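Labels run A, B, C, D, E and F following the written order; every chain starts at residue 1.
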């Protein structure tokens, strides 16, 4: 039985799970089963059901219909959240980055400075463009696209790099605006050393 | 019969309308009828149908289920796009801001510097927060929420201010990444003087 | 018979045309005849006649004794005003850029992000340097001069690029400081589609 | 007999004094007599006589027809040049600030950080606004005008504060663009200790 | 028996422990005993023994002769390292912050955005000043000192806040310059939940 | 007999020389003899003897055990202090830069914009890296190290460039935090023209 953490978000009231429309409860149950706990972003967006649906549908499209590896998606998210200084996304997606990349230190590298991350040269180009689109979008140019193509990214993968980056510029701002707080679980998930 | 402008977007190929899934064509037809032309953002997002659906569903939720006036929504969009320097959104939503606010010069004010805009003091507070959340999201604080409440915005309206701002931080970046180009019509719509 | 708009400038009192020194009235009459209306910047600078003379003499030198095309001058002005976020200059010189370049959408491109403007590669180099001199003047280097020469600009043209840029860093700040407001006419001038 | 320093400016050829129009030579002679040497900015602007005339006429209007003390004018110039990082103006106007304020250390304070300068609270308000108009002109607001009025500045003096600031945003950029070099004399003028 | 990690630092060769002067080995042994492993910063600074001595003596003075609580010192360090984006210090001092404050989530809050940290109002004022001194040192003013005094900090404690902040602006830059890498242990230390 | 200037530092009380521990007085006497006056930074750090020792030991290690020329050390310091806008260090180390480089105008160039300084191409590369490490430390990369090696700097010299830069990021912040004021002597030292 799902119960939202009362501290899931600090600037808006956290709704009651029981009073949510059934489609929201269904989506929440599914995530809770998968993760073993209910990530606080679900409690946060449940404040406004129409936005909950739109947000998670977009999110799901980005991770389900993509030319990128899931670990690439999470790398982009953490690098973007790091430069935007989003506490919720650093921690929640930091956990996912550790799990999908099977690398217990990767997330702390990406949060601090993606240039220090132990990733391939190809993925470094990907992160260069994601961070540029985040911080200085006016300067994204044809040369960046050329670098991505040279690194082996397909046209669709390049679209997806832009799309994940753009979406987490939304996501970071919603989490920061509402002051969403990551569940304690996220801080430690995926930190066990590689064998 | 809809035909996409070949120059709708420069960094990805513009798809053929005829080859799109029927739900996309339906949404595009509806918009084309309403506007009298097909805004290029529809041609752009049609590159990837799953993202098209997610993007416009989110957009529609923001303008249909909101505690803000439609002109407030468009004011936020143009102020945010102005500081992000997004050509497509400045021009396309500039037109909508002129139309909904029935003010032929408002959009040029908002694009340049929202502080020069002829809007009420209450709406200036709204724009202050939207631009802060765009440019310096780490600094959004309880004091900003207090200012919004004092200006008369309800709790839900405050959520919506954050949500529109966040969404157009996505939107601006997708338009800039793909180099979407506004239709010629948007440059002149709503510029006829008030009577 | 000239009459100044009472809303020409908001932070200083707009003077009476009739009470101005005759040389100012002459310059204003001349402009009014040419344009069909009196641009508000004339009303603004008339606050202090000695500055009016200095400002318009400098302006006139820049457009009359120049190795640049007039449309290049206006392109620089709008690109510079765009990054400085000057409402008056974006709109008033946006109109001039549209007229001289015979391009109804150019100004909106330059205001948003000059990198999206439909201009030749040579003029893009010119705008690169103008915007760099505006935003990061310490970084202007010999390499920028080399790029300008390779793009075909003569030594005198390069001086003029610097001079127009510098002057509109003055102009933008005076307009923003005094809160000058563009005449309604400027918003629509030159927007009719090319044939 | 005037002779220009060959190193007066590095990015454009320094003209021959003898070949200049007589009105330029007259203005240069006058300055040379007053200062005891020819400031390099005269050699620099002589590259283009029409700009020379416009530049010095504007400059002269600012220092001759003003509601500010001359030392206030020079304080603004050095504070503005300090944040713009202009070598020529820091040094040449630093000398003038020392001389007019009769203070051998003032200029080094203003170049580094005007907030450390030994000036009255009133003049600190003046410098606050000058530096804000230089660095963040979009944010200049009615509150800044209120602060200036409370500090005792008249309406015309406030206009002049804006005008001097704006002009040196031009001046700094011309000097930096052309790489003008201050005469050796400026580095030491006015450094003798107060009695 | 101490052995340095070969990956302790990437831009300079990691020295051999055995070949270090005895006073360095002594300091390293002491730390190794205390921590249970040798923090990589010791391996890094051992590259140049005279700098090793100076660095750790300064560090030790800051934590041994201080009017601040040790947890306050570590809070400042992590907040400063977060805005400077220093991977090594985020992680190594993040561990210390968790341990001294007995709070498993504090460090991730401070790294992301100190304003989200669960700290007292008094400590928030302390962090405000530390981050301001890091990012915008010209703007530190008497008002900041007043806020610190009102928050109950003694004159010496205020000096120490400045001193820790200043030292970690050195420390962050040395770690980033040399590309020092935190030991794996630091990533997980102090993450066990409070009882 | 040493006496501290009462205006050596404005935000903390200047201690009495006579009441200082003897090792501090010894270090101060030595400097006073060498310089002919007591630099105010000694009066400032004497506020807290443990920090005085740590600060000057670190400083002395940097200038005594170094692969750089002393004039290179002072060039870095003034370039770094210039971008950090530190009044004390601009002036005090500006004097040292003039003296060690035997160049009366060098310091004013470095304070304004190191790119205008009359230094060799090799030293310009050194200053490029020092300023980048100061302003944008996340962006320092292997390419910067390559440029330094190509300019002839040894591995140890490169470490020293990083170390001096890092230390003066501490130093600048302590001087700015405490509002230390340079002695009058520093403003004029080394300004006599070269023969």
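Heads up, the rule we're going with is that a contact is a pair of C-beta atoms (placed from the backbone, for glycine too) under 8 Å apart; a residue touches a chain by one contact, two chains touch by 3 or more.
This structure is a prediction, so every number in the text was calculated from the model and none was measured.
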Turning angle required so that subunit A lies on subunit E, C-alpha fit (0 to 180°, nearest 5): 180
Centroid comparison with subunit B (C-alpha atoms), farthest chain: F
Most widely separated chain from subunit E, with each centre as the mean of CA atoms: C
Subunit D and subunit E: spacing of chain centres that average the CA atoms, whole Å: 44
Euclidean distance of C-alpha centroids - subunit E vs subunit F, Å: 23
Centroid distance [mean C-alpha coordinates] between subunit E and subunit C, Å: 51
Multi-partner residues of subunit C (at least 2 other chains): 85-86, 113, 138, 176
Chains touching one another, given as label pairs in label order: A-B, A-C, A-E, A-F, B-C, B-D, B-E, C-D, C-F, D-E, D-F, E-F
Sites on subunit A touched by subunit C in the complex: 138-139, 141
Residues of subunit E defined as touching subunit B within the complex: 113, 115
Subunit B residues touching subunit A - in the complex, by the definition given at the top: 11-13, 47-48, 50-51, 53-55, 57-58, 61-62, 64-65, 84-86, 133-134, 137-138, 140, 142, 145, 155-156, 159, 162-163, 165-167, 169-174, 176-178
Partner subunit A, residues of subunit E touching it in the complex: 82, 85-87, 90-91, 104-105, 108-109, 111-113, 116, 176, 179, 181-182, 184, 187-188, 191, 193
